[in-house]
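Each of the next two complexes has subunit A plus one other chain: subunit B in the first, subunit C in the second.
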Partner chain A sequence: MSDEVKKFLYVNRKAPYGSIYALESLEVVLIGAAFEQEVSLAFLDDGVFQLTKGQDTKEIGVKNFSPTYRALGDYDVTKLYVEEESLKERGLGIDDLQYLTYEDEDDDYKEKPSIKVVSRKEMADIMAEQDIILSF
Partner chain B sequence: MAYEVNGNIVEHDEEGYIINLSDWSKELAEVIAKSEEIEMTDEHWAVVNFLRDYYEEYQIAPAVRVLIKAIKKELGPEVGNNKYMYELFPYGPAKQACKIAGLPKPTGCV
Partner chain C sequence: MSTLHIVNKSPFETINLNSCLNHVKEGDSILLIEDAVLGALAQNKLADNISEKLGEISIFALLADLSARGIGRDRLISGIKTTDYAGFVELVANNERTQSWL
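For the complex of A and B:
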């Protein structure tokens, strides 16, 4: 394996159900996590709905994959950026999102929150820092 | 393609993963294990049960590296290490144990 670590950002802009984007993105992230790159996820526009808690898909007959976001920490995916403006525009706040955590190996395996709410301006800066951006 | 348990037919795909996850039973697990040439011991069951709990909670079958790390945390380093896990499941702990546990092929298994 190449020793060059690249910064990957997966950008999620779509609602979790009604299209395949959200689930595909999550699966690519989980598969890609094996390659030991620096991975972070961004959630903006309707993509912020992917992280909401209390999802119930019974009536639409598809699998509720929202619990899988809780496994991201196990896959060492620890940086989930959520855009503040996108939340506000949809009447949401951080309390409407699942509480996602990871264990920090460098800090005695302390549990830390994975989600970070950032402004649109900060999100632009985060995007500018990346080597590779994948949009879903 | 199918397994047979007590006269019941349980369909599986070309790799041996069952199609309907709700078809799973302990008896079926024994049948799948036999077709994988594995004799189920308490240690095998501990891993299989762990995987079923993991799937129940997260809706995915974990990749092998994640599985071993999680087992180490849950059941201790004597079980949760590569060598021991491959002794239990010689053709890959995630792949074989998931198959026996009646789960889909692990996510992140290429």
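For the complex of A and C:
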């Protein structure tokens, strides 16, 4: 296999729990992290609901996998782009999302936020600079 | 540096095509397959939005899926091209990346 590092973008456009896409995406991201590629995650449309805080799935009988997003930083998955227009259209803001962080090894292991809110235009630019796009 | 965007759901049922149109870059192509070919119909509610984009991007509809749904080429938004499966492969090969709007 080639040693070349590629830019991977995982695009998340569906809310969690209504379908299996969100959980599958998270699992693929964690598996893919072992291959030491340059990984980013995009959350747009209903995908922004994957990152909301305070998820409680006790009454619907499925596992709440939202705490797992907090582990992404330890797997060097540190770039989570959330589309501002998608948040707004759904009455959400950055404060409705989990506060996710990673330790920056190039900056004395300082804790830094992983989530970056970007405009629709910036999201299009991010998509256009990838080598591989995986959609969920 | 262009992207081939593939959409497979009806724009009257999901926002996938709309979201795709909001994220395309100049020089990109969109390929409509399966139920997404319904979005190629002239005078549909997204037609103005699609026509506006046709200046900077190319839009294709898969002929097999149009035929299966009884939609003739003469019914399409002006500027939308049709393609067969071989053309589908060429589109994939001629773009740097593909992005599916599931």
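The rule is short, and it goes like this: the second predicted complex is superposed on the first by the 135 of 136 C-alpha atoms of A that agree within 3 Å, B and C clash if a C-alpha of one lies under 4 Å from a C-alpha of the other, contacts with A are read in each partner's own complex, and residues count from 1 in each chain.
Here, a residue touches a chain if its C-beta (ideal position, glycine included) is under 8 Å from a C-beta of that chain, and two chains touch if they have at least 3 such contacts.
Computed from a predicted structure; not experimentally measured.
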So, after the overlay on subunit A, do subunit B and subunit C clash or fit? They fit
With the two complexes superposed on chain A, say which partner A:27 touches: subunit B (first), subunit C (second), both, or neither. first
Counting residues of subunit A touched by each of subunit B and subunit C, the higher count belongs to C
Of the two partner chains, subunit B (first) and subunit C (second), which one does A:127 touch, if any: first, second, both, or neither?
second
Now for A:18: first (subunit B), second (subunit C), both, or neither, which partner does it touch? neither
Name the contact category of A:45: first (subunit B only), second (subunit C only), both, or neither. second
Requested in this report: Have a look at where A:113 lands relative to subunit B and subunit C in the superposition and call it first, second, both or neither.
Outcome: neither
Exercise. Regarding the shared-chain residue A:93, is it in contact with subunit B (first), subunit C (second), both, or neither?
Worked result: neither
With subunit A at the vertex, the Cα centres of subunit B and subunit C span an angle in degrees (to nearest 10) of 130
Shortest distance over all C-alpha pairs of subunit B and subunit C after overlay on A, integer Å, is 25
The residues of subunit B that touch subunit A in their complex are 57-60, 62-63, 65-66, 69-70, 107-108, 110
The answer for subunit A against subunit B in the complex is residues 27, 30-31, 33-34, 63-65, 67-68, 70-71, 74-75
Listed in rising order, subunit C residues that touch subunit A in their complex are 1, 3, 15-16, 19, 22-25, 97-102
The answer for subunit A against subunit C in the complex is residues 11, 13-14, 21, 44-45, 120, 123-125, 127-128, 130-133, 135-136
